[in-house]
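Next come two complexes built around chain A: one with chain B, the other with chain C.
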Partner chain A sequence: MESYDTVIIGAGPAGLNAAIYAVRAGLSAIVLDGKTAGGLVAESPAIENYLGFSSIDGMKLSAKFKTHAQHYVQIKEIEPVTDIIRKEDVFLVKTERGEYSAKTIILATGSEHRHLGIPGEEEFSGRGVSYCSTCDGFFFRNKEVLVVGGGNTAVGDAIYLKGVGCNVRLVHRRGSLRAEKALQDKMFSMDIPVMWDSELVEIYGDSKVKGVRVRNKKTGEISDVAVDGIFISIGEDPNNDLAKNLGVKLADDGYVIIDRFSRTNVPGVYAAGDLTGGVKQIIVAASEGAVAALSAYEDINNPYWKKDEGSVEGFEI
Partner chain B sequence: MGIFGRKKKNDSPSGLPDLDERSFPEALSSNRKVVVDCWNTHCAPCRKVHPIMEELAGKYGTIFFAKLNTDEHVSIAVEHGVMSVPTILFFKDGEMVGALAGTTSREDIESALKEKLEV
Partner chain C sequence: MEQLIDEESRQELKEKFQKEMKRPVELMVFIDPEDSEHKDYSDFSVQISKELAEIDDRIKVKVFNKGDPECEKYDVSRFPSILIDPDSGYKIRYTGAPAGQEGWGFVETITLVSRDDPGLLPVNAEKLRGLSKDVKVQVYVTPSCPYCPMAVVLANKAAIAAKGKVMAECVEAYENPDLADLYNVSAVPQQVHNDGALISVGVQPEDKFVDDILKS
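Coming up: the complex of A and B.
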């Protein structure tokens, strides 16, 4: 069985940056990902707020992250971790293809697109309902599409879809957007209309989407809107199954609780990136990954859990 | 790449043959069972599907596996009801017998393949 100082689970910006810091610090490390490297970053049409890049598409940026990390560490893709078992001071990491032992674990399993959970959403997924504007925008050129949401992702999607030639409207359940001002300004300058205080209640069609029913939250009025495509960008839910199995403490919303050293409540287990909730930005994920790796390095050499209780600053969570 | 289309530089991480307007019908007429991985260069989830398809191609030697770039050949994709990528199309005896959209799970893809192509 292969043994490592740290096994990093997840190859998005958090996991890959953790790997770079871990190996440079002197730890042996491996990155495992059930899918391919990149995380949700790779789906972003344009990233304009990551230091050093005035504008870059998500797939290019995630490819750069991967190439950089590969200078230091082996990244095993399409190797889902099925379980992690703690045996005294060592963790046994089981995957679909093998087993690894690790002194520490860095969880960077990220998050997945949240679904609306309304009638028709699952039925028409792939037949007009999409969670990836860059993947599917082209199929809806010169067609009517709705983007659902009010954050950076939704507004960025609306801008991207307008750019590829779709007739776009944004639907948002509130009266103002959460997206950063720069994105809002760009969207409004492109004359993308917004259906304010509105939520989708049903998606319908035949072999593909034909329309949606929208409820105005202020008036209660329900109206039918004929559309060809619906892009759902309402946020993400954490991939916290492994964390739960390890006994890691979660917040009420399912995100992993960490201290300022990226430590979880379980000694030797760290978490970073979208899995920890809060500000879900690439730079924050990368930063937490760095902190997690350096904490793992520190703790392997000087385990706080073998010292007197309370002797390590900041670990009370 | 013979009748199954040319291989483009920096095309995708998948080594499966690329189909186009000419090679698509040829692939269907010269193979009993065909699986087509529909993708495009902007699609990050598609990159998760490619290695799974390559693995399945190695495992199921009697099935012809290929891929279709939906940006370059959008008309073939639309003709087969593709509105989202990744979508995997399944053909038997020249007829489309099913499609699987949106998944990147090897388990789901393999079970769809077994069910739709009876392997």
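Coming up: the complex of A and C.
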């Protein structure tokens, strides 16, 4: 079995930066990802103002992250971790393909697209309902498209889809957007209309989507809107299964609680990036990864949990 | 066209090929020089293949034009198409240029073929080796879909395990909208087995992907 000082799970910005810092600090490390490296960054049509880049497309930035990290560490893609078991002082990381032993674990499993949970959403997934504008936008050129949401991702998706040639409208359940002002200004300058205070209650169609039923939250009025495509960008939910199995403490919303050292409540287990919630910015994910790696280095050499056997002293929220 | 693979990536690919390739792999690129609509894709397909061959001389490239006898021999009717090592008995093809995200899967497939290694879990490779019928697996993709190469590589791995039985075809939907429309493709990756007998959307787990082939 391969043994490492730290096994990093997730190859988004948090995991990859953790890997770079871990190896630079002198730790042996490997990165495992159930999908391909890059994380949700790779889906983003445009990343604006990641330090050093005024604007870069997500695919390019994630490729740069991967290339950079590969100078230091092996990244195993399409190798989902199925379980992590603690055995005395080491962790046994089980994947579909094998097992690894690790002194420490850095969880950087990120988050995945949240679903609306309304009738028709699952049924028409892949037949008009999409969660990835860069993947599927092209299929809706010159067609009627709704983007659901009000954050940076939703507004960025609306801008991207308009640019691809879709007739886009944004649907948002509130009367104002959460997206940063610069993005909002750009969207409004492109004449993308917004259906305010509105929520989808049903998606319908036959072999593909034909329309949606929208409820105005202020008036209660329900109307039918004929559309060909619906892009759902209402946020993300944390991929916290592994964290749960390890006994890591989660907040009410399911995100992993870490202290300022990126430590979780479980000695030897760190978390970084979108999995920890918060502002969910790439630069923050990368920085948490760095902190997690340096804490792992520190704790391997000088374990805080051995100072007072059995306690989780040092864990501060 | 300017160089597609930058110097840094060339160096990395060189190391990867040195480490992972075992035997030569032939890429057959089929283009239609008369078709101006697909010219950029054809140029890309030829150039990316030739640049890979520059990086490792075990990668061999042959270019054929529409109308050449090889089109019939290898059953190619859409241009550009790239066949990976067809004379070894593998049925792996890219219908449309392996551009954008697809480049990763294309390179990965070349190295797997070079090792004659399906790279699947042994149990799944074994199941596929026992396949007695021919199964065509098309994977519809777009170049900007980060998950698509995973689905394509899975199909290509199946084609390596079930050599000559599974035909894996990566169909680039931007370039082949008529094919995409045929199966109402509106989200990628989408798998289409045996011209529509089974359709699935999204990247499938390896076990399910293999089972879908077995029941096609």
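Basically, the second predicted complex is superposed on the first by the 309 of 317 C-alpha atoms of A that agree within 3 Å, B and C clash if a C-alpha of one lies under 4 Å from a C-alpha of the other, contacts with A are read in each partner's own complex, and residues count from 1 in each chain.
Quick note on the criterion: a contact is a pair of C-beta atoms (placed from the backbone, for glycine too) under 8 Å apart; a residue touches a chain by one contact, two chains touch by 3 or more.
Predicted, not measured: the structure shown is a model, and the values here were computed from it.
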Joint occupancy of chain A by chain B and chain C, clash or fit: clash
First, second, both or neither for A:Ser28, with chain B first and chain C second: neither
Touched partner set for A:Phe138, first chain B, second chain C, both or neither: both
Partner chain(s) touched by A:Asn265 [first = chain B, second = chain C, both, neither]: neither
Partner chain in contact with A:Thr36 - chain B first, chain C second, else both or neither: both
First (chain B), second (chain C), both or neither touched by A:Arg97: second
First, second, both or neither for A:Thr67, with chain B first and chain C second: second
Chain C-contacting residues of chain A that also contact chain B: 35-36, 38, 42-43, 59, 62, 77-78, 125-128, 130, 132, 134-140, 207-208, 229
Residue ranges of chain C touching chain A (in the complex, touch as defined): 8-9, 12, 100-101, 104, 121, 142, 144-150, 153, 173-174, 180, 184-188, 190, 201-203, 206
Residues of chain A defined as touching chain C within the complex: 35-36, 38, 42-43, 59, 62, 67, 70, 77-78, 96-97, 125-130, 132, 134-140, 207-208, 229
Footprint of chain A on chain B - complex, ascending: 40-48, 51-52, 70-71, 74, 77-78, 81-87, 99, 101-102, 104, 106
Parts of chain A lying in touch with chain B, wherever the complex brings them together: 35-36, 38, 42-43, 45, 57-59, 62, 77-78, 125-128, 130-132, 134-140, 207-208, 229
